[in-house]
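In what comes next, subunit A is part of two complexes: it sits with subunit B in the first one and with subunit C in the second one.
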Partner chain A sequence: MNQIASQNAPSPKVVLPHYIFGGLVLLVVTMLIIYHPDAFVQHFFNPELLAITHLLVLGWITMVIFGALYQLLPVIMEVKLYCEVLAKFSFVLLGVGTALLAFAFWRFAFGFLMIIAGILITISVSLFVANVLKTAYTSNKKIIERTFIISSTLWLMFTVLAGLTLAINLAWPFLKVSHVELLKLHAHAGIAGWFIQLIIGVSSKLLPMFMVAHNVNAKKLNYTFYAVNIGIATGIVSLFIQLKLGVVFSVGLVVSGIVAYLSFLVEAYIKRIKKQLDIGMKQTVLSFALLVIPMFLIFLLLTNFNAMKRLSLPLSIAYGTTIIIGFITSLVMGQTYKTLPFIVWLKVYRGKVGRVILPLPKDLYSEKVALAQTWLFAIGFAILLLGVLISAGKLVMTGGIVLSISVALYNFNILKIVFHKPKNK
Partner chain B sequence: MDNTNSEEKRMIEILRGVVDPELMVNIVDLGLVYGVKYNETDKQIEVALTLTSPGCPMGGIIIEDAQQTLENNYSDCTVKINLVWEPAWSIDKLTEKGKAELGYF
Partner chain C sequence: MKINSETKISALIKTNSQAIETIISVSPSFTKLRNPLLRGILASRTSISDAARIGKCEIEELFQALVRIGFELEDYSTEKQDMSEEIANPKILKAIKSSKINSLDVRPTLERGGDPFNEIMRELMLLQDGYGLEVINSFEPTPLIKIARDKGFDSWIKTEGDVVFTYFLKVGQAKKKEHSEDQIFEISFAKHKEKVANCNKEIHEIDVRDLEMPLPMVTILKELEKLKENEALYVNHKKIPQYLLPELAERNFTTWIAKVDEHNVKLLIYK
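Coming up: the complex of A and B.
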């Protein structure tokens, strides 16, 4: 029998803790939004927002991405994961490091605790990057998706090293550039270099597969790769030397790359054989619709109109909120239903066909709960965004309450999937 | 599958009980079954099966399910599932029923 992807799947014990931890962190974040909504209606460099942001990007999004990638790398690259032990160490270090970092930010305590947290996260990411690079090295599949994944992990490494440098600079200042400008550099390396590129690399393989779309023009992705990478590198240098024109050029380049990628997805959507979209794919469509908002906001933020200057603070927070909570969080939530049930399903039913009642992977979670979760998320996010835009703390809190119910439902489904047991015939 | 005999046709009908877990359509109407050969003398069944994509993470279970389903119905036979990639699966392989179940019309 030929080699097939499911034979390369890692142990679920490596993957599942990432989903459980990530889901719980997201729930904690919604509680923090309710407890301290004012974090979203002042300058973005405030302790609570920094703590919330790092919990989201590290404890929730990066955590779930790590787990999902350990499962998906064998699917995309058609080889086994290089080392499962490295993955387990990386999980523990990322979890502990993120908790310490969020605590240090919340207390606005710059010093040893923050630096120790940064070092733990840096070691965790180094182990993850080594695992991905060694896995990619053993693969013969020299495809664009592989290039995106490799590139994104290198940007992740850069991002955490830049973050650690910022933490040291906060305690013992040695860099001459404004800390807020350095923060933008660190954030965009993470958002565009790590998250967006990783999402492009993985989704350009998986979404056409989920929709059963063949003969989609993948050449667009080559343009995306160069536009995004040249754009981020130009943007980082321009932010560092404070060259506005360079920043505008880099934003244009990155956005054009994302547009090329979106046109790839639209082509796959049009050519799809599976016409009905399940709940996971519906939430995925919602997330890509939300991606249009920050692509528009960034150009607004770069303009020099007087009216815009007055709005620049709420617009900056709205920009970050739509990317991290709007686009990436809803995408991760949606894709959870496309990955987690299959991981558990394969674990539970492999070798048991014929002896137990074989359900479909979608039977492992409640579709009604997932649908309610998606609607509540869309409503909660809309309220939160409105609260941010008009700087209304009570609206932010209301948005947080609705989002917390959505996330509680999401966690219910995660636990339902993870603890699924087979029924004998 | 034009040269199939009546027993092989029956086996193909039995394989309609095997469903692709992602697409929720049986593997025959998806056009994943390229052929079934039944050797009555050797009591051997060979199935040529493909997947919608080489990376399909459900491949292992689909193969296992097809094997188990035939073995349950032909307990005196040896069942061999051969995974094939040529010709590559495409939309043309779907039956009319398969297209309808995917909402293609």
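Coming up: the complex of A and C.
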């Protein structure tokens, strides 16, 4: 007989600031796209695009993931979060570090400012990783979701350290390999190692739960785990020693792992009991549809036909854009509607559930606004992508404007949820 | 029967139904007790000392009258708890001044013979920070004041003729539960079956596996609200419900959890 601790969920004070900060950063990014659309129509190594990318991946996506994970770890691993104070420190450091880093990139100022920003982010991530590992090791649940989360955080650590190394290398060059090749290494450790694996780990638990799907075969995910991790490791070594064949092999391996994961999701989708998808899940489906695009683009980029040479730069940017803005951003936006309302609902109505008639989590946001946001996002992203592909700054700007309206609506809903006041029907 | 200032009126009436008329003879404001519905509501929550204050009579008089019809007086001590607030908490006055007050008139409910207790408690629970609740009633709701105080509410009573206004404002935290340890345990499925067989309670079974969150939690807590003392709730769940556990602990339920496999968890919940 084991006594179970009843109170595992962290204080909402730890979780909520991550969502608010992330939403605002995303809004800033859409403004920057409008202000400087040319960032998307030149070589990807340009100051504005680097600033925008780091705001997106650190200030928006990683920020929201941190917050959401503090809430989800106790659910997935059935233990309490190791330390809430670490989480608060990590939040502040990540926020400040990202702002400084983006500023340094925008100014193209390689030197102390950028390195200090890098160090702040590295400390923030170290605190986060320590918190996750400590939490994971107090849990005795040996499940695949846990494995994915642990390995993704280790890749995040690697990515950030690689980034810091690159920042130093930019100021005082000491690495022999071309900086652009090293950038690919850094980017893919982040995308495939951190984001994709984390998304797999969390979504393989949450999505079947949200769709109410029983007995989905999770064995496929074991294959995904090995394919993705061996794939990234091979890819990174191959990029470093410039072995083209190794890169192709690694990409094939990672993509096959993602395909196995997608087939897991499709199975859950087919077996779902809840047939009608709500707005959060609709946007989630949209994001997975968008994921298919970069999975083709990467092979196109690797083949490097002569006829394609002229296209390879816009395609590279399109590749990054579909992953970060297309797939991950829309996924995070969609899943916000599945996680945030519940967190706030629980905070506001604790102790009252079941006793009186209460609103449900879905009543905390405006569904119409969410629907408009989803459509505007899809349209804005399509325009942006087209602008990137044909290198048309005006189109990129138009896409940016539509996206910024979508994101403003998203922020409206986030604030509406967070500041929800108790009421009964 | 031995009585003291804390003896409930309902206990008196149960022992000797003459008690009703006796109490009324002391103070006519107790004619309400003749109404069986009101009696059911009030008598079980009101002690003799409460009654003395509500009826504006001396407790001594009540005791004497009750002794006359055969009750025995226990070592009577005058240290009675004075729950009425002579001086109002300034925060309450401030809330009244700035009209941050929700008003609830429970007299219609009482006239219909209903019990306003749940109605009032619900309003209290839903009060926003800084807001007060005004309960309009025909008598001083002493039992309610005690319960609200345990939940961190201060109160103030104002009488205008026959109408009693009681103001509640949250000033502190709810009192900690009596026992500090949670009563939530994980056991093997075999043990769990034994528990179910031997719990000597009427078992209600529900299955929440096909519900989307947070409906499993809402459904379980709703069922538990209806659960009687001799009943237990048996839940078929998909997982150990992490967010339900604090609610169960707070409501002092004992919970036995068994994991059949990763997607099948059984819960046995009772008081």
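Methods note: the second predicted complex is superposed on the first by the 411 of 425 C-alpha atoms of A that agree within 3 Å, B and C clash if a C-alpha of one lies under 4 Å from a C-alpha of the other, contacts with A are read in each partner's own complex, and residues count from 1 in each chain.
To be clear about the criterion, a contact is a pair of C-beta atoms (placed from the backbone, for glycine too) under 8 Å apart; a residue touches a chain by one contact, two chains touch by 3 or more.
Keep in mind it's a predicted model, so treat the numbers as computed, not measured.
For A:Trp106 in the superposed arrangement: first (subunit B), second (subunit C), both or neither?
Neither partner.
I'd like to know which partner A:Tyr337 touches here: subunit B for first, subunit C for second, both or neither.
Once the two structures are laid over each other on A, A:Tyr337 reaches no partner at all.
Using the touch definition from the top, say if A:Pro361 reaches subunit B (first), subunit C (second), both or neither.
Once the two structures are laid over each other on A, A:Pro361 reaches both partners.
Between subunit B (first) and subunit C (second), which, if any, makes contact with A:Phe44: first, second, both or neither?
A:Phe44: touches no partner chain.
For A:Gln276, select first, second, both or neither according to whether it touches subunit B, subunit C, the two together, or no partner.
A:Gln276 contacts subunit B only, not subunit C.
Examine A:Phe66 and indicate which partner it touches, taking first as subunit B and second as subunit C; both and neither are also allowed.
neither
With the two structures laid over each other on chain A, which partner does A:Lys423 touch: subunit B (first), subunit C (second), both, or neither?
The answer is second: A:Lys423 touches subunit C but not subunit B.
Show me the subunit A residues, by the header's touch rule, that subunit B contacts in one structure and subunit C contacts in the other.
Common to the two interfaces on subunit A: residues 1-2, 4-7, 9, 75, 78, 209-210, 212, 214, 273-274, 342, 345-346, 350-351, 353-354, 358, 360-361.
Would you mind writing out the residues of subunit A in touch with subunit B in their complex?
Spelled out, the residues of subunit A in touch with subunit B are 1-2, 4-7, 9, 75-76, 78, 205, 209-210, 212, 214, 273-276, 342, 345-346, 349-351, 353-354, 358, 360-362.
Under the stated contact criterion, what part of subunit C meets subunit A in this complex?
Residue list for subunit C touching subunit A: 122, 125-126, 128, 181-182, 184-187, 191, 209-215, 217-218, 220-225, 238, 240, 242-243, 245-250, 257, 262-263.
What part of subunit B is in contact with subunit A in the complex they form?
Checking each residue of subunit B against subunit A gives 19, 21-24, 51-61, 63-65, 68-69, 71-72, 81-83, 85, 90-91, 94, 102-104.
Which of the residues in subunit A end up touching subunit C in this complex?
Per the stated touch rule, the residues are 1-9, 74-75, 78, 143, 209-210, 212, 214-215, 273-274, 342, 345-346, 350-356, 358, 360-361, 421-424.
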